[in-house]
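What follows is chain A paired twice: with chain B in the first complex and chain C in the second.
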Partner chain A sequence: MTQYVTSFLEVGVVFMFFTIALNIRWGWAGDLDLSVFSYIAVGAYITAVFVAGKPTPPDEWIIGLRWPFLVALLASMIAGGALSLLFGMLALRRLRGDYFAIGSLCFTLIVYAIVSQFLPLFDSFQGVTGVPQPFEGTLKLSQNAYDIFYLVFSIAVLGVVYAFTQHIYRSPFGRSLRAIRDDPEAALAFGRNVYVSKLKAYVIGGMLASLGGGLYVGILGTWNPFAWSSSETFLLLCAVLIGGIANTKGVLLGTFIVMVALTEATRYIPALPGPSGQDDSEAIQYIIVSLLIMAVLRWRPQGILPEKRDLDGVAQSRNLWWRPQGTLAENRDRDSLAESGKQ
Partner chain B sequence: MHTFFLGVGFGLVTASVLAISAVALTLQFSVTDVPNFSHGELMTIGAYTVLEAQTLTSNLVVGAVLAAASGAILALILNLVLRRFMRAGAKRFVLFVITIAYGLLLQNVYQLVWGVDTRAYTLPLSQVHHVGPMILTGRQLAIIAIAVLAMLSIHVMLKYTRFGKAQRAVADNKDLARVRGISVGRVVTITWLITGSMAGLAGFILGMTVGAITPTLGFNFLLTVFAAVIIGGLGKPYGAMAGALIIGLVTEVSALYIDPDYTTVLAFAILLLALAFRPQGLVATFREVQA
Partner chain C sequence: MSSDGAAPAGSVATARPILEVEAVSKSFGGLKAVSDCSLVVQEGSVTGLIGPNGAGKSTLLSMISGFLPTDAGRIRFRGEEIQNLSAHRRSRIGLVRSFQAARVWAGLTVLENVLVSVTPIADESFFRTFVNWRSIRGGQKIARARAREVLAEFGLDHMRNELAGTLSGGQKRLLEFARIASMEPALVLLDEPQAGVNAVLGDRMADAVEKMNSKGITVLIVEHNLPFVERLCARVNVMQLGTTIAAGSMAEMRQHPEVIDAYLGDVDV
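Presenting the complex of A and B:
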């Protein structure tokens, strides 16, 4: 039982890195990013090749070092940041909203195609294997004690990341990010560089996603194209929406709820014999996720823990999800103004 | 040179599938103002419907009609869902996320119903024809003919019918259209009906050309459709036709010269570059040039 709980919590903590990353990009900077999982994967791959050592002949992967795990994590963050910078510089200059989402999905599929087809990079479909358990050599603990140690280690790193994101949120940079999200034209008029701020947020998100990916590969011990796909991004999306978009505490709560709901709910659904006798639990999970997304957006779009606004109580003219309450004509004027400003 | 024209032939077939799908997506976007991420799933249902229909009849025309109907039904359901959100005042971006969720829902329902295994149609052998330097089967020629016919009927509908005029008015400015007595809600619903049926039909043809039907058939094709749509300029049906031709030819002809695994990468790269540098489409309309 403890083993089940620790392994469940380990995965949960790792997913919290992913949702924090998505939240910085989507909740704070306002760009729905469907490519989060490619940064997670790059983080996992880079960490793996830095610790797994040289591949045995039929396998091939780059780098192949046996460096300490912490150095590998650092390298994966640099790689994730660099990749974010590359795509961000291309996409964030011109693309907003749905265009950006489509562009990011495109980017994920390109990364996926290259990683899974180009053998010398990360051994295509075999993936990088033989990642040793981090710190195992120096600690020499029993498996149970080791699991608890790794959980505590991940939580400690998560704590640092949480403190860091809260610091950013309260900083002038965080405030200008939210201003840009809520009203780019006004922020521009006050001298904020929309593109650079969004790019910074995007790179920070990419680095955190890669860090999470690195910790994830520490648990799994191997990483290949079957371990990630673009549709897993929708799990993260659902968690962020349920918990409360743009509120880091809410996002952590949302991740936990989604994790528990999915693993526990599918446990009690009787295994119906599918048409080909395959395992349907994943399909059922995604069906639950998609219904949850729709329900949350319909009845509680701000999530369980809504974002605290700087000007709560003061009249708000803009909202991320819904049109402001006002007369129809006023709304239409404001919307058409906003639309014409965008073009 | 001979293989080059072989590639051009395949390119025309791919472009035909793309054109039907892309024109549907772009027309639906321009009239309803919803970027529909579940368009791929509307295609997939068409492919599976024909698969089921084949157990009853081998007549492909009946199959095509059923495929179109199934796509239309799912599109109308989506329209009903979206309308509830619109009435509550949801912004366009919320609607986009809703279509993502709807697509995810459908894709996994397909997986529950039909399983993950690859399926294929049982088709009679088709005669081979030499058309100029290209070699095409009779079925491929029929696909091209269907696409040309669909494009012509869209053209006639938009330019010469009262309904087409209403569609263009709604696409241009909903409020002005309403002032002129056009029932915007009805135009939107009928547009979903038309574009959904086109998507279903495109899915059936896609299943026939690819020869492997899976729950992700349409989703995997979606970004290629978006590539065609965005190259032509989002919301411009004639642009989408040109975009489909470009993407279809580029992916198929390039498959002769580079590793076929990377041809979709090429399409996505074109889409990314088009998005980054010319999101208004390659051919700007007259008004945009003036502005």
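Presenting the complex of A and C:
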């Protein structure tokens, strides 16, 4: 039971890295990025080849070291950042909106094609295997204890990432990014270098996605092209939208709902009658998530936890998050209510 | 002359040009939107740029502010050529513009909109966000106080916590003015600031322009509302078919045959 609970919580925590990365690029900088799983994959592969050691023929992959897991994670972040810089420099200078989204999708297809076809890189469709459990040499724990340790470790790293991203959000840089998101031309007119700011956000997102990928491969023990697909990206986008785009807490909540709660809940749905006898839980998960997305877009487009406003002179606890961002009159009433409550 | 007979704002302009546009041109495919257009704006002045629809005024403004590249010609700001400078760099050297439709950052509050303008660019450095956060935090307290001052001047302080996207069109226009004023630029380009604005708000905007100019800010206004132009501008340039056809005071323009033919016609100013 413990292993079951820790395993789905671990996956949930790791996916929170992915959605935070996506949120920085999409929710804060305004660039719908359909290539996020490329950076997750890069992070997973780089971590794997830094810890799995030299491949045994006929397997082949680059690097092949047996370095400490933390160093491998750092290497994966650097690789994710470098790849983000490469694509960002090409795409962010000219592409906006839908065009950027299409460009990012094309980038993912290119990366997928290279990784899956170029054998010496990461052993094509076989992938990198034999990734040892992180810290296994240092900690001599039972499997249950190790699972709990890795979950706590992942949560601790997530905590650091959360604090890091919140600091950015509240800073003048974060505010400038959101201004760029809302109207890049107006931001240009007020002296903001839109391209450089978006590039910074893109690189930060890439590094965090790769960090998550590295943690993920620590759970799975292997990584190959079958581990990443467009449907996974779809689920990440849904998690961000359902939770509340641009609100990091909302994004974490959305990830828990989509990647943990719904995934586990659909396991208990009885198999649909039919001749194939296949496990339909994944299909049912996608149906439920899709219906949830449509409901959210219809009745709660800002998500469960919408982006919080920076209220000057009003206690943040009075920021009534559950009410939709309404008209001027409604907002004024809300602030009056908050102010009178403060008195 | 304004309605009370006082000299228009900007009548204390210096003889020094702050903006010189020299023979600039811009085509979109086969359409020549701006053709060999020249213009001089004196430092400290409020200068008007008028003309019929399609004359190329907004295109010219976009080229001056860096939002459109020039096909030909030179643009000098404070004596330095800027036609190859990006839009954000032009803003940083003191050349700021507004847009035809008021552009506010809808997802930010009214106060945050002004905070973006008053915050020094250096404080938005990603590196300094972590290394120098104490100094940035101190700077933000000062910026916040300054932003509230500016909002109070424009009568928007009581709305500082509203999302800018929920404001009415006129309020967005005022907020745009507040952002521009808070930057204290050298030259402001206003693109049809009276568009869709009622008379009361229009007067407030005229007062705001006069106040900006009294602080030494030069203003170039593209506008169709001629009483607004006449109240504020000591000098007016007239454009037609992509080029300037006349320049002088509004009174002179009213007598200018080409201007009457092209634009003023029988408009009762």
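Keep in mind that, in the parts below, the second predicted complex is superposed on the first by the 297 of 343 C-alpha atoms of A that agree within 3 Å, B and C clash if a C-alpha of one lies under 4 Å from a C-alpha of the other, contacts with A are read in each partner's own complex, and residues count from 1 in each chain.
Please note the rule applied: contacts are C-beta pairs under 8 Å (C-beta built on N, C-alpha and C of every residue); 3 or more make two chains touch, one makes a residue touch a chain.
Keep in mind the model is a prediction, meaning the values are calculated, not measured.
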| item | value |
| --- | --- |
| Contacts of A:Ala283 with chain B and chain C, given as first, second, both or neither | first |
| Partner chain(s) touched by A:Asn193 [first = chain B, second = chain C, both, neither] | second |
| Partner chain in contact with A:Ala82 - chain B first, chain C second, else both or neither | neither |
| Partner chain(s) touched by A:Ile257 [first = chain B, second = chain C, both, neither] | neither |
| Contacts of A:Leu105 with chain B and chain C, given as first, second, both or neither | first |
| First, second, both or neither for A:Arg93, with chain B first and chain C second | first |
| Contacts of A:Leu74 with chain B and chain C, given as first, second, both or neither | neither |
| Residues of chain A that lie at the interface with chain B and also at the interface with chain C | 331-332 |
| In the complex, chain C residues that touch chain A | 65-67, 86-89, 91-92, 96-99, 103-109, 111-113, 115-117, 119, 121, 123-126, 129-130, 133, 136, 140, 144, 148, 159-163, 166-168, 179, 183 |
| Chain B residues within the chain A interface of the complex | 35, 81, 84-85, 88-94, 96-98, 100-102, 104-105, 107-109, 111-117, 175, 223, 226, 230, 259, 261-262, 264-265, 268-269, 271-272, 275-277, 279 |
| Contacting residues of chain A [partner chain B, same complex] | 32, 90-91, 93-95, 97-99, 101-103, 105-107, 109-110, 113-114, 117, 231, 234, 237, 241, 274-276, 278, 280, 283-284, 286-287, 289-291, 293-294, 297-298, 301, 321-323, 331-332 |
| Chain A to chain C touching residues, read off their complex | 167-168, 171-173, 175-176, 178-179, 181-183, 185-194, 197, 200, 246, 307, 309-314, 325-328, 331-332, 335 |
